[in-house]
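Naming follows writing order (A, B, C and D), and every chain is counted from residue 1.
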C-alpha cells in the first residue's frame, strides 16, 4: 500500500494509545492519531483538550485546541483553572502530546527560545500547557520531523521537563511518568533505563545512517531494533476519508 | 441598573494609557472588537495580559499600543507564530516589548489568586523548567504539613478586563456556554470590567438558569452589545472561527507595510464593529454559521 | 460502560469498616438513602466527613457507625442542634466521637486541595479564631512575595464519597443544577465514588449540555438510580425539603429509645429506598412537588 | 401601633442595610430583615447566601440557607469554593449577619463550645461560615436576645473575631471591617473607638437597668442615647402578610 510519512507517523502514534487512556490531545497530527485510535483499537479513549473540553468527539479536525467542534457534544467542559487542577495536576490524564522546537537526549523539550532567553535568536511561542503536561501525565508522546537542529544533545532552554538529567533527576523533583516515545519521520525513539533516547524502531526504508545524520548526539539503537509496522488499510481510509479529507495535517498518498 | 453603552465609550472611559489590560477568552469569544477600538483610540504603553496573545494582541502590538506582554503561549493557534509579537520581542519594532512569561497553568493560577484576594496561589507547576529563573513572580514554597513543595505565583490583578459572553442583561449578568477559559476569573481579578455580548436578554432569562451565569452585574462596569464582536474567533452556537483570517494574518503580519494597510482598512477605516461586520459581508458570515443544536432543558422548579 | 447497580451493592462493595466517608451535598441533594444503607449494613468505625453533618450523620452516629466526625457546622439547619452528635461528643454515647473541626471555608479548601493533588490549600481564614490551636491540619504560611500571610489546610481525601445529582447516564456522567455545594470536589477528592441520581438519562442528553456536567464517568465507580434518594432534604426541580421530618427528628433524637424505634421503622424495617418512599406515601410526596419552571435553552450549535 | 420585640428587632436590622449593599444573609430574622429592606428603602440590595446563591429573591422564607427558593430565580449560583474565594474572601460582600451563643465586649463571637474545648459543657454547632464572614465583610450584624449568659465580658472560645482585644488588635491581624451593631430585644449596641460595645439606642419601654442586668460587664451608654424608632405600618405589613405569615421567625402582634 502507498502511504506518506505523515500518515505513518499518525498511525504509529495512534498505536501508542490504549483503550482506557485519558489523553490530553494537541492539534494536528496528535488529534488525528487519537481519532484513529478511538475509531480502531481504543473506542473508550477519553479525549481531553487544554481548553477544558472532556470527552470530545469532534465532527471534523479542530482548527485550534478551542475549536467549537470540541465543545459541541463533549461530555463536560471545565474552566481552565479546574481543568489544570482537577484533571492534569491530580493525575487523571494518562497520556499527553507535546511539541517543541528542540528535544534533547533526555527528552527535555524547548518551546521557548533559541539562543539566550533575554536576547533570543528566535522567540518561540512558549510553554502554554506543555510544562505541566510534561510534569503530570503518565506518558508523553512527541510527533516531530527528525533533524539535527531539532535533536540537540542539550536544549537551549528547558520549557518542559523530560528525564531532566536522567530518570533519577526526574524522580528527585517529585515527578513520576515521563517521555514514552518520540515519533519522527524516520523512526520511533524510546528512553532507556538511564532516561536516554534510543531508536526502538526504524520506519520502512529509513536507515541508521539517516537517523545518525539527523540526530545531534551519538544516538543508540536497540539490540532488537524493529521496523515500524505499516499503516493498515482501515487506518488510512479513516485518515483520508473521515478525519483529514482536506490534507490539512497529512500530505496523503495517492 | 442599565450599564449599556457603545464600545467606543466603554474603551474611552475604561482604558487609560499605561493600564494593564486582559482581553479574556481562551480561543473562544476573544474580544476582537474591543482590541480594535483600543487601536482606534491610540491607547499607548499598555501591559497586555493574556494566556494566548493570539491575533488580537499581535495587532495591538503592531499598532504600537503595547509596552509589555504577560503571557503563556504566543502563537497563531493552529497556524504558526505571531510575527508582530516576534518583531517587537526580538527587534523592538515598533516598540520594545517587555515579556513576563508563565505556563498556562501558572498564569491561570495567578489570575485565580487575583480573583480570590490571595497573596499567592500554589501549583505543582514549573517543575524542572527554566522558566522560574526568569520571572520573579514565581517562587518555591514548602508545605507546612510534610516535606513536599509547590511553586507559588503572585496574584495578577489587571486594571481592565474585557470579557465576552453569548448573552447578558443590561446590568451585566452574563450567560456563557461552550469553552469557559479564564473569562470568569479575569473579570473577577480586574478593577474595571467591560462586558461585550452577542445578544442582550432579559433579567428573567438570566434568572431562569442561574447555574449558567459566569459574570454578575456587581463586577461589570460597562455592557456593550456587539454582535460578531469576536470575529475572526468564534462564539459557540453563533458562529465558527474564520480560519481564512487566521491564515491571512500570518502573511500580512510578516510585512510592516501590509500590516499598516490592513489596519487602515479593517480598523482605522471603520467606525465600529457594525461597520466591520458590514464590510465582511453576508456571504462570509453565512459560511460561519452552525446549525442549531439546543441543550436538553432542565427544570429549576417553582417553589411556593 | 454501564456502572448501574443497587445502593445495597454499591455500599457493600464501596464502603468498608474504618473508612473515611463523605456524603456530599450542601443542604441540597443530601445522600440520605446511602446513609440509611450504611446503617442497615452495620458499617462501623467510620470517619464521617461533611461540612454540615445534618440529620443523616446524626442518624449514622446514633446507629453506632461512627468513630470520628470531621465537620464545620454540626446542626439541624433551620431547626436547632443534632442531639445524637452532641450525645456522642459530650458523653460518648453510643460511641466516643473524635472531632476534627474546620470552618466551612477551611473544610472546602481542604477538599479542594485533595481534589487538586496539592499538599495544602491557602485561605484567608481562621484569622483571630481559636480553632487553629485545636487542629494540626491548619497552619500559618508566609507569602513568598511580601510580608502577607495566610492559613493553610492539609488536603482531605476521603476513602469514599457518595454524591447525588438530578440526572446521569449509566456510565456516570452527571448533570446537577441548583445549589452545587461541594459535590464536585468531594467526588474528585475521594478514592471511590458512588453516584446516586433522581433520573437516568442518555449519554446524548449529557452531551447536549456539557457545561452542566459536574461529575464525569472517569471518577465514578457505581451509579445508583434512587428516586427521592435525598428525602427529607431536597432535589431542585424534583421535590422540596420535608421540613416536618427535620422538626420531628429534633424530638426523636433527644431520646435514645425513640431513636431506636425510628431506626427500626424507617431504616432497618425497609429493604431499600423504594420501600421507604412507598412508606412515605403519595400524599407526602405530592406536597413536596414544585411547579415546573424550565431554564431558557441555549444553542450549542452543530458545527461541520 | 402594636408590634412585638421580634418585629422591632427585624425592622431595626433592616435599617442597618443600605441600598447598594451586598449582604450575606442568614436564616430566620436576618432573612426577614434583608427582605424588609429590599422591599422598602433598599431595592438594589444584593442577597447572597452561604450556599452560593447570588441575587436570590425568595418567594417564601427559606427553611435553611440552602432552600430551593434561594436557587430558583437567583442571578447566579456558585460552588462553595468559588463563593468563599471570589465573593467572601475577595471582599465583595459589604454586610454579614452572624449568630452565636456568646458575644463579648469586643464583639468576638463563640458558636463552638461552652466550657473547655476538649471537654465541653455544651457542644455548639461550630463556625460554619461565620469565622470568615467575620473576617471579610465590611460590617457584621447580630440579632440576639439580651441576657448575661449571652453577653459575657470574654467569650469561652473565639469562633469568629470581632475586634479581638480592641480595634488595634483586629487591624494587626490584617483585618478591616468588623462588628457594626448588635440588635437585642432591649437595645441597639454599637462599638466605640476602642472597639468596645456600648448601648447606642434603647428600645421603647426598655430601661438602662434591664440592659445592665442582662450584660456581663459594666456596659456604657451613649451620651446621646437614642430611642429605637418604632416599626412603620408598611414594614409590619410586609412581615405579617408577605414575609412570615406563619410566624416562623416572628411572634407577631395582634
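Quick note on the criterion: contacts are C-beta pairs under 8 Å (C-beta built on N, C-alpha and C of every residue); 3 or more make two chains touch, one makes a residue touch a chain.
Everything numeric in this text was worked out from a predicted model, so none of it was measured.
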The chains touching both chain A and chain B are C
Give the chain pair, either A-C or C-D, that is connected by more C-beta contacts. C-D
Listed pair (C-D, A-C or B-D) duplicating the A-B contact set, over half by residue number: C-D
Chain C to chain D, mean C-alpha position gap in Å, rounds to 28
Between chain D and chain B, distance of the C-alpha-averaged centres to the nearest whole Å: 40
Take the average of all CA coordinates in chain A, do the same for chain D, and state the distance between these two points in whole angstrom. 58
In chain B, what residues contact two or more other chains? 112, 117-118, 123-124, 148-149, 178, 180, 185, 211, 236, 240, 290, 293, 300-304
By the touch definition above, chain A meets two or more other chains at residues 53, 67-68, 71-72, 77, 85, 89
Per the touch criterion, the pairs are A-B, A-C, B-C, B-D, C-D
Enumerate the contact residues on chain D facing chain B in the complex. 22, 44, 46, 53-55, 57, 59-60, 67-69, 71-77, 85-86, 89-92
So in the complex, the part of chain C that touches chain A is made up of which residues? 1, 112, 115-118, 173, 185, 188, 203, 206-207, 210-211, 213, 216-219, 300-304
Touch list for chain B against partner chain A, complex: 26-28, 51-52, 71-75, 77-78, 81-82, 85-86, 89-90, 101-105, 108-109, 112, 123-131, 134, 148-149, 178-185, 234, 236, 240-241, 243, 246, 290, 293
Of chain D, residues touching chain C in the complex: 27-28, 50-53, 62-68, 70-72, 77-81, 84-85, 88-89, 108, 112, 117-118, 120, 122-132, 134-136, 157-161, 164, 169-170, 173-175
Which part of chain B faces chain C closely enough to touch in the complex? 117-124, 137, 139-141, 143-146, 148-150, 152, 154, 166, 175, 177-178, 180, 201, 205, 208-209, 211-212, 236-238, 240, 290-304
